[in-house]
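By written order: A, B and C. Residues from 1 in each chain.
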Amino acid sequence: MTIAASNEATAPTLLDDLPGGPRSLIGRALVFARRQPLGTFGLVLVLVMAVAGLSADWIAPYSPTANDFAAMTEAPSWAHWLGTDQFGRDQLSRIIFGARTALIVGFSCAIVSSFAGLVLGVGSAYFGGRLDLYLQRLLDILMAFPLIILALAVVSIFGTGVHNVIIAITIPLIPRCARIIRSSALSIREIPYVDAARACGFSHSRIILRHMVPNVMAPFLILLTAFVGQAILAEAALSYLGLGVQEPVPAWGLMLQGGAEEYASTAPWIAIFPGLAIAVTVFGFSLFGDALRDALDPKMRDR
Amino acid sequence: MSPIGDKPLLEVRGLRMHFPVTEGSFSHRKVGAVKAVDGIDFTVRRGETLGLVGESGCGKTTTGRCILRLERPTAGEICYDGVDIAKLQRRELLALRRRIQVIFQDPYSSLNPRMKVGEIIAEPIKVHRIERNTARRRARVRELLSVCGLDAKFADRYPHEMSGGQRQRVGIARALALEPEFIVCDEAVSALDVSIQAQVVNLLEDLRERFGLTYLFIAHDLSVVRHLCHRVAVMYLGRIVELAECNELFDQPLHPYTQALLSAVPVPDPTVEETRAFRPVKGEVPSPLNPPSGCVFHPRCPLAVERCKGTRPELRELYPGHWVACSEVQQ
Amino acid sequence: MHRYIIQRLLLVVPTLFGAAALVFVLMRLIPGDICVVRLGSGGGTFDERAVAACHAELGLNRPLILQFFDFIWGFCHFDFGTSMWSGKPVSYEIAARFPISLEVALLATIVAVLVAIPFGTLSALKQNSVLDLVVRVIAIAGLATPGFWLGILIILAILNISQIAFGAPWMPPIDYVPLWKDPVRNLSMAIWPAIAVGYRTSAVTMRMTRSAMLEVMREDYIRTARAKGLIERIVVNRHALKNALLPVVTLIGIESAFLIGGLVVTEQVFNLNGIGRLLVQAVQNQDYTLTQALVMLTVAVFVFTNTAVDMLYAWLDPRIRYA
């Protein structure tokens, strides 16, 4: 136990200052880029999407909602790089604005759920006892619901739309985060520096915030990244079903609804490009998440 | 050596620590108890160093944790300077935390890897409001580092940038930060290389002189205990089987378990080693979940007779200051 | 072993009970009166008596606790009430749609595992080769590709390829024929959605197999096996693979959740009349009786799958004590 714990406690990661290593953020980023070329590629994909989403108002060539009945289901051309849909809307512009929706939903769900999971997981592990016991049973029950199923149940209550979709995806992500953070925090609770902090008479909040939370940052950041991808996928699925983001808000899943199959043989670009946007974004997060895991958690390498 | 007072600083009476073993995912039904510490008594006088030795799993670490109130004992009293630690509430405990500190075994895991050494040592000073001024607090950290034989530059390092011995010195500096009078050294040198061990033991000795500290020195390395301790208590399966002055215990062990334990220590002299009777203890340590009846040592004891199975022998003072819990040993 | 099975099955009861309670509470959180929503969906007026009659019909005028026990009791003997939308018993609706979903899910798992294990193993044995790189990229793409989009792409490919090959577009059949009646027709319908949802499972299994193999191949007993002169094939098949596949077994249980979720969307793509599509319709139609029954059903399937996987694991791994 002590040997395993000591390795865990001391293995230097990117979060630590390595002796002789770079200390600035940029320096560390460069080290990361050299060691994890695939992860850096993933990060670049994510950043491209983020920039597109943030500056959509300026870079999108057309309005994402303007119908042009003179140019319906047009193939990709110089005027419409990615073609138009059955209502004559420019696909590229809709994809650029869709990036904004996807990233808003993805990051909101990931940040809210992983912070809730962090609080529940660390609190449950630190205080233990009955609180931990009941919380674990509650999480067991929530974990028995497949993500999309619970999201559908929540949507059936609160209804559709961006905000409700965020709620519907966040709720099932919370127990998944709490579970992993708890097991990580449980092993940290057993490490003597937490006992040392207790022996010094520190308050619960100080022990949790200064001694436990910083040491579960590695799994926390890995989960956060993974959740963004999962949330984007879930949002796309819900929107595709017509139970997520609603027209006229541009969303990738929504773009696949309706036209994609109907025009499958005559206008395949309607089906191809929005899906590609989802896949590339989530692919970027997966690559980056994998690299982050390698960099932050040397034990989990090759998994 | 600093004079040892007559009045006990710490008095442990009938201390029991049973960890419940539970079953069931909802009910937490109690199905048994691990009797880690099962009724022990001892005292530590001011300025004295009491060694607590025994095999791993005998309950010596749990005893230390109870004194630090990292565990709440199942039963018994732990009187520290007249106050029962076992019954203190959280608020009252805070004052006591300043007086009793701990040094842990593993120098790798006893320091938070995300904090700099300076922060680790400064944190208790800050929290207990001993020194509110940041500059003075920093000076105090430098002073503590130098007291523990470390250069002031280590304050800006992270623990993983230091060696095991250096980290253990940081652990000691943190313990001293609150200016305690009593320190529980829980296997404080066991994880270190032998050459480093000697340095750290010397440091502990110096600090005892300098600050008039009282130690409870938990260890399994008997040679270190012999060097550092005034009195030694031997534990076996949650109970104290023998307690005596250090030299007395090593020269004239009375309890068969102590004799076996001491005979396992090699003597660095081949001719002496040749003539020594090595008496290994037969069998395995029984489970503290289900300890043997009567004297816990009876299944492995060479002296065991029928009545050892029935009644639990209490500690009795066979010679002045030499206590033993065995009904068969005579004067 | 028997004791372990019974204990493990008993653990299912509180989880399902808790899930039922959660579903029950969620469905009571719906803002507004279900009956008002149902009767007033036309936007017209409705009289109090109709609402009261509706309450009585749905049992909503009874105390909450009794409603909850009715709900639980209903599940215990497969009486889920009547669909608020079609008016038919929920159990009837489910029974008609269950086989196709089950078949697609099983087919997806089987195909996924059959593809994943050999490729994952090869990828690990030839670490850092071109094959390894290709397998890893395909696997990580599997995590990123939405199953429903893959389904759309498959349809796209079928349509265009059949157009070119036969001169007329061909679409997989959409009405369900049991496997034993017309296996060709049945499989030509079920295989496409199975591929669409199975890709993710396959990708995850491949990654797991690869990493487990890499870990096992570093173990001392593999070195020992090689040192005593065993040929590599036996080292891999008898010593490495057997141990590496244990974690893969647990993965199948965990992945079944994603499979169920993927089915919900993919059935929509392929117009399959399965459980998933029924659930989407129920949510769209605000058919709460049907929604709660289907949510509970998927939870039950997921929980029992995982229980079965745990038992399989315990049976395969001699280190697990059935205590």
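Basically, a contact is a pair of C-beta atoms (placed from the backbone, for glycine too) under 8 Å apart; a residue touches a chain by one contact, two chains touch by 3 or more.
Here the structure is a predicted model, which means the values were calculated and not measured.
J.: Can you name the chain that lies farthest from chain C, using the mean of each chain's Cα atoms as its centre?
T.: B
J.: Report the most central chain, judged by the distance from each chain's C-alpha mean to the global C-alpha mean.
T.: Centre-most chain by C-alpha means: A.
J.: Can you work out the whole-Å distance between the CA centroids of chain A and chain B?
T.: 48
J.: If you average the CA atoms of chain A and of chain C, how far apart do the two points sit, in angstrom?
T.: The computed centroid separation for chain A versus chain C comes out at 22 Å.
J.: Averaging over Cα atoms per chain, report the distance between chain B and chain C in Å.
T.: 55
J.: Pull out every residue in chain C that's touching 2 or more other chains.
T.: Residue numbers touching two or more other chains: 14.
J.: Give the residues of chain B that touch two or more other chains, as numbers and ranges in rising order.
T.: Expected reply: 25-26.
J.: Residue numbers in chain A touching 2 or more other chains?
T.: 137
J.: For the complex, give me every residue of chain C touching chain A.
T.: By the definition above, chain C touches chain A via 14-16, 18-19, 22-23, 26-27, 29-31, 140-141, 143-146, 148-149, 152-153, 155-156, 159-160, 163, 169, 207, 211, 214-215, 257-258, 260-262, 264-265, 268-269, 279-280, 282-284, 286, 288, 291, 295, 298-299, 302-303.
J.: List the residues on chain B that touch chain A in their complex, please.
T.: Residues in contact with chain A: 25-26, 28, 65, 68, 70, 93-94, 97-98, 100-102, 104-106, 108-115, 123-124, 127-128, 158-161, 171, 174, 178, 191.
J.: In the complex of these two chains, what residues of chain A are touching chain C?
T.: Per the touch definition, chain A meets chain C at residues 137-138, 140-142, 144-150, 152-157, 229, 233, 236-237, 240-243, 253, 256, 260-261, 264-265, 268, 271-272, 275, 278-283, 285-287, 290, 302-303.
J.: Flag every residue of chain A that touches chain B in the complex, lowest number first.
T.: 2, 5-6, 9-10, 12, 15-17, 19, 130, 133, 137, 191-193, 195-203, 206, 210-211, 214-215, 217
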